[in-house]
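Just so it is clear, A, B, C and D label the chains in written order, and each chain counts residues from 1 on its own.
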């Protein structure tokens, strides 16, 4: 595949550049008969939208998705759902200064070298604007997952060196959307927001971590051996702009534990169902969901565009000075939360359909 | 896909259970005309082989691969290369005790629930024995990559809470194979080995981290937007048994940095080639290799099989006590090094072929 | 995959229903740096457009494609090219009579049973209107193929029982577009057109055959063993609405020949290049193009919508009478020519890219 | 994909050359809990085996498949099933004469040009021996399909210009295996066999047609728009060595019909189920199975290897004379019957699993 499609049975193909006429996607394989919730779709778009608060970019995009196919009488038909999101705020002039220069830690050099050309306006296809299409697709995945009882929830767990110490089950995730940062701990959120404002004031940017939890996932999602559920989650998350790391369950911290500390003992809960007393496995064992909550974290680097002069080269390999213009995020995590959720939802929807095929064909079940 | 195949143009499909007649793989898409190095293949197998040192499992497997196809007069023909590795050390009795019980943090519960059955002997398909097939496939990928100047090198960077502080370019990686652990820092290796011996003595296990470096990768590998090079690396690595986390370049630590610290400035080197002065990008920008070294890390949890009694459930959901028998690794990382390398080589070989198609069709290049 | 995508490296995903807001596609993997010829795209659309002549449906659709992405400064960028074609002539009322009835030999019964719902207006997604998106995608494939010297040309070779006796190399294919039918033999064209007019007058429809020739294809396109070039051509052609059969080279007639008649002897042409003196192989041997012209034929059934009352059932399985309304083609072949060409171009573009990866990695070449 | 894998959820990857150590396959995605019938597997192999009768090649291969994985306690486990079939009759000397020459209408020229090398012994990978692996895989698909009531049956319908006039439902298909040709009409079989013997005596070969019928297929298999059931059948069939054409339902003959003749009216049968009174649709409408019998035909060219001197070229492009040696089939169709069935079974098994995912996720069903 050429790289702009993800999934096996529930697939998404995205298109579009930052400053072209529109971006969008085709969602293929969405089950039929799902009530299509236009309001929910818009709400999800709004969670990713620029200009939503004082700690994100002040670019102006209303991001109103147009649904062109796959819906009939308010329900999905099982056919491809095409969504187009027109680009509005196209200040191409903001990018004249980078038409020839390669911005440090951007995709400019690699894309131009690979393709011999690039749409430099706003980063073109390499712009994080592409993720708006993912959020639209993820909203559709969520509509489907809702019908089978699966819920996906993301939140900010770290900005710079300020990190939540609590794990997801010690937090009140219903508080996540109560602040501009999308961090469920209000006190920590305030500290993180202050840090973001501080780096922005300095013309700089800062990294962060987004955590994600999926509840209601039945036992059985994930395919051995390469398409383990967490392997597909890893790929999906790492495909988001600025992602630098992925971990699930105990993650990198689990390295320090012994087997006797790390193993999750099986017991029966009050309803007589098998559950584990701890969840270092992050809801996945042997690559397959075990019925416990799935949780993972995604590390995001500091945004590469900074309002500070940096050394670089241009297309002719002359040394140049580059300095960010335009309007940019000082930290990606507040807007990355819905993107991480979207990718999780897309992977879970895809694996849910694959799971159905196994479940309903295996004689032992 | 059913989950046992990875890759687009250079693909691998693996098969086999721990205690069946054999494991193996089919490598499809390997270029023609590559000299097939049987000795190298065996050496790679030996690096993963059980019983190779005192800090790994003492299971006895000679792991001698049989090549059934795709080679003619000592060279690859471009046709599928099938490799069969017979299983030898099949003490199935070691596993009678787990025929009905679900071992904590193993795949027993999830696989049995999903498929209604499982080959419980040695974990069956969920056994890490499957990775022998990956190492064989990876050896072939390395034979190809060698012809285009790409080299992949892994090493142990952490065991438990003992971690190397140096990054890859501060280490003498040629020392990696000089100790049983495969850690290029001899003093740190000794400390880590002592820790492994200590936990093994306690009937326990410990986690660790494997780092991997790829040198000689040209600019241009990786496909936007979902098949970013690091996204495919993440999936490949996370599909290895016991993997819990993946990061590349600055990784989770990069979160704490500001953009001005993190950005990698472009300059010309003494040969007039564009290089970056730092490499927080880990050799990949915008999902595409930028010509610098690619490096990443994979976190492995402590092995789940421990010689300590643990609470669990059996197939009838009765509470049982489970205790590891048989011969198991106290820590996966020494044997995980060639597996991580294999997965890196497979991803790079696949993306190299995809890169060739783009490179030779784009008019601008 | 969910079924609406075709190709491995050069892929197309289509969307849209006959009477929704729009249809369209995303072309992914098109090489960068190709001059984008908007006029050519429109001309190709016009060749498939309804209302273009007296022997096709009189539906009114201007079919003006909007290109939303992947083009910068008049050239392709290597990024996905999204095309939207708005639907204009939406007389949904024409279809009220089939909202509940299953039209004979249409997709009504199967789609409704499979998905539990269907957009019945104009056949919804099962409408041949979907093929407009294929023609748009095929036009892009042709732009690429032109840069490597490959040309694709289709023509009508049979209507009902009136068939050309000449094979492609005995015909003057430059005459193809000189008549409404797209048959390069003017006399035979007239007979076929008269037959079409006769069946239309009777409120009936008739089948036909479209032949397709590709010239300039280098030796080497096609992948053994399942992705043989003609196998992928077969799939692509058989995915067109109303297609009932596919053959290449000698096809079904070749069955009657002996090996000594059928084999194509290799000789050197005047330029010292290896050619075959006959071409029963249809330009493909062992699944791989051999440098000779590739030719194939596609059989199309008579259009299922007829202005004659037929027996059928409705959703409640009551017997009903169904009679075609609206404006329909008496024979698909004149408009099928550009569709067949588009599918051929898409398969060849895809295999050309796959060929490049093999060619530039094999040491023997 | 590199071309040696077919299928989406139920996949097969084959490997092996005619004169290497072995050929074989990995079947991935076979449902768990299916009783594995070793005798049936061998019987299927025997139907394709050389030397089975006087009208096929007298090569000696016992073709005894070894199952290496995926079976536990007599049942499938849902894991990959690897099958190895050792090559026994390796008279490589038979092929010395073609080491440098390109046999007419073989894969010699195209494969050598594409890959820069080829295993010329017995045609190497391009040998029809590869189809033994398909038959093994198809046997597993049939074991699965049997559990859901689907049966696949092939037969010879034409040899040279001698063709059955009856369609499948006018024949007694239980008679198919009663003669060496696998033609259910004994009188016609005798005529066809005589023709085969006559051409063989002349050192020549002849083409033929294999028909295939699938019964018990529920409504709903097939994915719009590119993965139509008959499109995937077409690809699968055309990927068989020597296949030149594919048609389903009315096929190329349907071209001559009018819509009023061709349309299949819906009525209720005696059990109150919707059926069509005719079946020109071949059991597939809009790309999706409609519950009626699926039937198709595959045209095979005359075998290219003939015991007659022919003009050709060698690797240095010198004119040479080539003459078949060794033991070859005078007509492929008797042995092609189980191969055609295998490909049909593989496509149906794959689409059955895809169908289950749709069926159990659509709210309307």
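One rule holds for everything that comes next: a residue touches a chain if its C-beta (ideal position, glycine included) is under 8 Å from a C-beta of that chain, and two chains touch if they have at least 3 such contacts.
The model shown is predicted, which means the values in this text are computed figures rather than measured ones.
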C-D or A-C, whichever has more C-beta pairs in contact: C-D
Centroid-based (C-alpha) most distant chain relative to chain A: D
Whole-Å gap separating chain C and chain D, where each centre is the average of the chain's CA atoms: 26
Chain centre separation (chain A, chain C; CA means) in Å: 38
Shared interface positions of chain C, touching two or more other chains: 1-5, 8-9, 14, 32-33, 75, 78-79, 114-117, 125, 224, 358-359, 362-365
Of chain B, residues touching chain C in the complex: 8-9, 31-34, 75, 78-79, 144, 147, 224, 352-354, 356-365
Of all residues in chain B, those that touch chain A in their complex: 1-6, 8, 14, 102, 104-111, 113-117, 125-126, 130, 158, 160-161, 199, 202, 204-209, 219-220, 222-228, 230-239, 244-252, 254-268, 272, 274, 276, 280-282, 284-290, 299-306, 308, 310-313, 317, 319, 355, 358-359, 362-365
Of chain C, residues touching chain A in the complex: 1-5, 8-11, 13-17, 20-24, 26, 28-29, 32-33, 66, 68-70, 72, 75, 77-82, 84, 114-119, 124-125
